[in-house]
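In the part that follows, the structures are each spelled out as structure tokens.
You will see two complexes here that share chain A, one where it goes with chain B and one where it goes with chain C.
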Partner chain A sequence: MEVAYQIPRASLQWILLSVFLVIAPQSIYMPIWITLIAFSCLLWRYLIFSGRLNYPSRLMRVVIVTFTLLVSIAQMRSLGVGLESASSLLTLGFVFKLVEMREKRDIYVVMSLSFVMCMVAFLYSQSLLISLYVAACIVVIIATLIALNRSSLQADARSTGRMALRMALQALPLTIVLFLVFPRIAPLWAVPVQATGGTTGVTDEMTPGDLASLGRSSELAFRVQFENGPPPLHQDLYWRGLVLENFDGSTWMRRRYRSAYGTAAERGNFQFNWENRVLVQGEPLQYNVILEPTQQPWVYGLHLADPLNRNLFQSRNFEIYNNGLISKRFSYDLRSYANNQTDLVLLDSARARNTEIPQRGNERSIEFARELRGSVNTDRDFVYAVLAHFRDNPFYYTLNPELLRDNRIDDFLFNTREGFCEHFASTFAFLMRAAGVPTRVVVGYHGAEYNPYEDYMMVYQNNAHAWNEVWLEGEGWVRFDPTGAVSPERIELGVEAALQDDLAFMEQSLFAAVSGRFSFFNTLRLRLDALEYEWNRRVVSYDEEVQVELFERLFGEITEQKVLLLLVGLASLVMVAVGLSVVNIGPRRKLDPVTQLYQTLASELSRIGLARKTGEGPLDYRDRVVAARPELAELMHDFTALYVAINYKPPVQDEQLARKQVKVLKQRLNNLRAALSPLRGSRAQS
Partner chain B sequence: MSLISVNADKQAAAPILDSPFSQKVERAVGEISKALLGKDHQIRLALCCLFSGGHLLIEDLPGMGKTTLSYALARAMGLEFNRIQFTSDLLPADILGISIFDQNSGQFSFHPGPIFSQLVMADEINRTTPKTQSALLEAMEERQVTVEGETRPLPEPFFVIATQNPVNLAGTYPLPESQLDRFLMRLRLGYPDQKAERELLEMNTERDKVGLVQQCLTTADVSQFRIQSAEVTASSALLDYVQRLVAFTRSKDDFSYGLSPRGSLAVMRAAKTWALMCGRDHAVPEDVQVILPAVVEHRLRGNSDEDGHSGASLLQRLLNEVDVIA
Partner chain C sequence: MASRIRENWQRQVYRWMRGRIKPANQVKLSQKIIYILPSGSGLVFITAIALVFIAAINYAVSLAFGLAFLMVSLFVLAIFYTWNNLNRLTLSGLPTQAVFCGEQIPFNVMLSRDPGRSHETLELQFHELPGQGQQSASHSHSSLVNLIDADRDQVRVFALARRRGYYPAPLLRISTTFPLGLARAWSVVDLNMHCLVYPKPIPFQMEEFTSGAGGNDDSTISREGNEDFYGIREYVPGDPLKQVAWKNLAKGQGMQVKEFVDYVDSRIWLDWDMFYGFSTEERLSRLCYCVLQLAKRSAPYGLKIPGIEIAPGSGMDHRDRLLRALALYGEAGVQR
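Let's look at the complex of A and B:
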């Protein structure tokens, strides 16, 4: 009978720990029942180890494989072929392999898979926290591999952990170098990433009164750092996203272009000479935005923004689009002209588009608008009159408004009179258009939180906002915010200030509420976010472009030879460093100075072929050296006599004298060396 | 391979300085070498052993001069000595002594055996049975003898010089490790070199040479050596070296067992005495290396050692692989 391989007790604990650690982050994204299966497999493994359960039988394994296959098919059907279905398949396979592992080979398979699982964690998130976590996981996996190869006598968990940590730290320089210089090759295949919540950020459709809640998510939308000069005032922070021009009576929609978004062809479509339509004054504001993934192609910026990145381009409505969906954190630079006038001459087609309202419905509002327009002289006065109407009548700003029925504009304007930015922007635009004034809805974000620790701003999902742009003769498109007329706090202080008494809102953003009220938590939160920001800016957004930039700054123009030279140089540098540290790993005892001097002498003499043998005492060595080199007799005798005196005679009590002895010994060593150097030469000649 | 290897000698020992002790040693060596030609180093080691207060085991083939050396040592040191010829029918009482009923006094009186002597020569010790061998044990270690419930001290100084044939010769009872350990040194004499042998042949005599040996040391001298050798400095560097040696025997797989603490003490004692005999007040690593073969060879045994003769090769490893300076 063959002898069964026993998984060492100590290493099994390590294996279970590392498997648990690598599964844990995935469990947030996976369906709960897969997580349950995973953890029960861990338990099963433990019970096998403690002898209370057996290995799965052949039948059991067939059942498990079939089950896994069915599950993965079901997953693909419900979730589509994507990250989540793939990773839950991987997880299932991983934990089932864990249960049936018997041989050392199986353990290696499981541990290699653990590394893969670590990488999968990065597909979901690349935050600082998860990176640190994965680093810890890797240390534990290394420790597992070490434990696997140690005998039970050495298997002290602490020393294993220490060794793993030391190995990980030794790998750190190489990792950094590889991170900096390894070519960023575009992936040959891409995992279709499906974040659980689907798309985030503002959408390209807006149906006021449909959704009864909005803007409660305290998730981050993007971070902004102003590079030249101070940021604008809070009330001017309108992060322009999309322009919605089409209205069908309930929904505002973006103007659809013929080609689909996110293709290169679209870029050509958007090419136009925007300087002709724009008048700008003053210095532009330059800033960097790091956008959280939205799964949408558009990005946000202050009006009027001029994108500096290659892949960003601008639409005719001065929206900014990326060439492709934003599926991972995206960093871009913008230049904004706060003092701008756009489209002083409005094309007929644009005028028609922006004054169009549905033929039927909302008759009361249309009538109200035409009446009001008749009572004032200019379009601008009309705008003010409408804003005044919002302000002077009992309109309320709330995130939980009543739902609107049939004629939504009428219902809102004369009946419910409560809502949030969408309601106000939509109604305002409708009234404007009813009176023939070209108006459009703009969606984006408003406001930001300033983080003083790294000097940047944070914009959250609850900063989402909608406002209007009205075309006025001689001024072009001008921004108006009807929400500001109703709730000035919303514009000046932000959504939280506007809704301080709204219990429902505060409950949902509990953390924000707590942090807002206790300065300690607030400071902590801002500091953590500042760390995260630095991480994103310096590590996560380090892509090919930045890499090339860095190299050009360091080494001038990049040539193939230079890159090759650099790679080879860095690699060899790191290997030499690692090699040296490996050589020095053994315990190194500190020699006392006398012994050191003696060793120096021995190594000097070894160069003329008279190396000291390991078991050779000082007197024997002296005699041998003198026999071979009579000319050294006197010096050798002097040196050895003193060495023996210091080392073997009764120790000198006087410390000063002892120091002097060492000094004299050093002197005698130097005399010997001086006598040796000509001998070396003669030996080389002979 | 020869049956018996001579001790791995280091003839070129540390230089001998002029001192009352070294002079006495010179004289003694001079006297003894009248009887045993060309074996100065072995004589020196034997003296070192006795000056350290240890017992000496001389092992070699018959006719190599074991007994001669023992006689010569006894004579040169002027010690009262008894010789016991060990045979297979020797009984413990023959060594220790016996109580005999005295008809005159009507009492038992103790008749001390040959062991009650300053120097006991146990000739061919491995020819006797283990029972008799072990009778020597208490005497050698405790320097006292217990016969019929009464403990009697042995004279001071008390030395045992035992001789034995190599254990793989016929009719021998090998000494157990416990007893070997009680001998401070085991010497091997080896064949005389050509010059000494020629001289020997020219003299054309057998045992008479021993008569030429004059007493040149006294009991007082011997005890003086013992007291003074304890005063010899063994620096921490030297102790380190000895500890490294001992650790080597205990950690390497080739050794079936390591040196006992008695063994390491023996090394130190002998090294100090050697240093004193060389006229120094401090011991150096070379002293340790000189006495090491005689002191530890019989205490070591290799793993695949049937007859207890791998000590010499193990000792070479000790001398070569343990760093003197570190």
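Let's look at the complex of A and C:
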């Protein structure tokens, strides 16, 4: 009778540890009750292990399976078939399997699922921290597998851990080669990417007061690295996001296109003739942006940006959209033109759209705008007049403005006079439109923090900003920033400088504030972010495009054969190297000193063209050398005689004598060498 | 039906291996004779790799690709490690004690390693065929060995003694899944081990056969018993102290011992013909039983089977001689 398999006790502790570790990061994203179930299953297993509880009965198992099925159906109905429901279902299956595992095969199912759980962690986040965490998990999982296969009582946890670490490190080279070389395959089927958590960043609607909430967040929005030349000045860092053209009296909205975002239809809609609408001058600015997940389809760029990635495209208003929501960190390249003119000819439809204001309300402001327009000659002068009005009257830039009532524009312009950038942008656009000047609101970010350690810029959520674009005859769309008129520090130095004394801002970004004041923390923060940035740029954003680009730079045009050859060649090379480091073919035969000396002589002689033939005896060899180089005769005879004496006669028992013989042989070899060196020289000369 | 085909196939493979593997007292495992394949657990792991890889493709997650590749590398590494766990391990067969037919033979195998290497969780098992002989498919238990601290270790591997005689050990299979259990490396060797298998003793009412079987009733004395006092002789080192004649010693007669002897009514001859009408194996089995029973008594006994006649005697050596003769009865060329 077969004895029932017993899970080794030492390995069960490892199993519990690795399951705990791989579930832990998911518990942040999963519904709380799933987390609770997962951890109680772990506890259950621990109690089975310590003998206080039994394995689940058949009835219990049926109940559990039914429960899991019901839960998954319920989840799919509420959340849809997506990442979240799939990962919680996987987690449930995983922990239930853990409780009921008995056989060795079960354990392997659980441990293999642990790897899959690590993968799920990457679906949520690929930050450096998570990556390091998963790396640690993998070492623990390897240790678990080792512990499972160990039978020795001498093998303690420490040696198991050490061995796991060694294996993980030895697995790295091949992993890296495969990662670099293995061709990335296009998705097999479309997966519903689910918004995990809410959207972040700038939205496509702007009600004054919105960006102020972002203004309190010191979260990172994106990182930028300029590839040609130094970054532009702080005041020119307008990261254009969306253009908002529709205004209903309180909220600015993006012009909705007929279809949803990110579809092929929309893409077709966006195709237009770039040359007819754009005039650019000067060298473009080329840079790479790594955007944090936003769950929105649009991305940010400077000025007039031309996307270089395949999946990015431009809208009619020169916004840049991704083909799908940005649900994970997204790296893209842009080319921007600082000197640009767009839409020198404004279509009637666009003019109508950009001069439209609600029919009713804010009459005072409309009257004020029309009066002011009447007092100046050109639209440009009118812009300056409005900006001057903001500057010369007591307007305040603050994160905590008073709430606006009914006629919001009127209330702001004549009453409260305090606001964040969106108040100014909104009011400015309203006044412009009231006077018939086509104007629109642009939302995005302004400014950045420079990280000197990796030479890139960091843009935070509190850099969120709103400004305006005014269409001027002969100039096209021109950017104006009314906030700059009120708070020049905001534009020149950044939001922190502008809001230095604003209590609300400081409260919310305590860490940022503290770190800003103490240089040690600031350095640490910048250094950590630099690491994260490098990780993203070099590893996480390594996709098909980067791969193809790298290959093309290294090996010229890419063909299938070349890639295959490279893959197979490199992978097998590394495999052989790693294999040799693991597999011990046999100890290299250590030559005795006498033979070693003789071989040294043979290799010296081979350099003057007298190599020893295979199987040639020492005496024959000597004769041949002497025949070729009679001047060596005496030395050769001495050396060979001693060599033969030591090597072919019964070994000397006296150790001291043996050592002396070797010493003499070495002496004779040196004499020979000395005689050989001039010969070598003469040979080289002749 | 399927099982029969399978059995047949296994038998074919076994025969092929037997023909291919040369028996040797000592075998050093090397690349020529180590085989390796993914284990069942390895297949589960491969499924997991596929899962991670598909997810990586579909969600275009760079690090998930990395994870899948890491798993592939681990798998490759596991193959190297597992293979290396057998590589350059030396196995040698040691002599084995005789057993009776139907018992498990504890074959002794010595494993030794090269300096500086270590081997863990090696499973040794005889490559036995199901359905061979009368025994149905029974997996003989594998024996585990570790060579971590010690340079050599001796392990007992059990095989069923299926017939009497000079029984050759089945092919020995040494395998390991250490360290990750994802691949199984194995090697099959023949260490040229043999075990003397005595016939299986069959108990029966012995008295009717052995009483008076010797023929005459002359009381004979067998040397060295402990029932009756026989005489006194000089002390020889090694004699039990309780037999020393202390009185004589006290009298100054030197160290002397009292000799005791057993009186036996007759010398017993175990004869082939006692079991007239039985088959050869049954006769041997019954003779074997007799030998075992008689060995417990002190009476001398002898054996007469065709071609062999062993004069009556007693003691363990005598018993073994008889059993050996029974075991090897009819085996050509091994009349030792």
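FYI, the second predicted complex is superposed on the first by the 560 of 686 C-alpha atoms of A that agree within 3 Å, B and C clash if a C-alpha of one lies under 4 Å from a C-alpha of the other, contacts with A are read in each partner's own complex, and residues count from 1 in each chain.
We adopt the following convention: a contact is a pair of C-beta atoms (placed from the backbone, for glycine too) under 8 Å apart; a residue touches a chain by one contact, two chains touch by 3 or more.
Quantities reported herein were computed from a predicted structural model and do not represent experimental measurements.
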Check the residue A:599 against both partner chains and state whether it touches chain B (first), chain C (second), both, or neither. first
With both complexes superposed on chain A, which partner does A:617 reach: first (chain B), second (chain C), both or neither? first
Report for A:542: first if it touches chain B alone, second if chain C alone, otherwise both or neither. second
Given the touch rule stated above, what does A:146 touch, chain B (first), chain C (second), both, or neither? second
Which of the two partners, first being chain B and second being chain C, lies in contact with A:650: first, second, both, or neither? first
Touching A:119, do we find chain B (first), chain C (second), both, or neither? second
Comparing chain B against chain C, which has contacts with more of the residues in chain A? C
By the touch definition above, which chain A residues appear in both interfaces, chain B in one complex and chain C in the other? none
Which of the residues in chain A end up touching chain B in this complex? 589, 591, 595, 598-599, 612-620, 623, 644, 647-651
Chain A-facing residues of chain B, complex: 10, 12, 14-15, 233, 235-238, 281-286, 289, 318-326
Hey, which residues of chain A end up touching chain C in the complex? 2, 83, 104-105, 108-109, 112-113, 115-116, 118-119, 122-123, 126, 131, 134, 138, 142, 145-146, 148-152, 154-155, 163, 167-168, 170-175, 178-179, 182, 184-189, 191, 193, 328, 539-543, 575, 578-579, 582-584, 586-587
In the complex, chain C residues that touch chain A: 40-41, 44-45, 47-49, 51-52, 54-74, 76-77, 80-81, 83-84, 87-88, 114-117, 120-121, 139, 144, 146, 148-149, 177-182
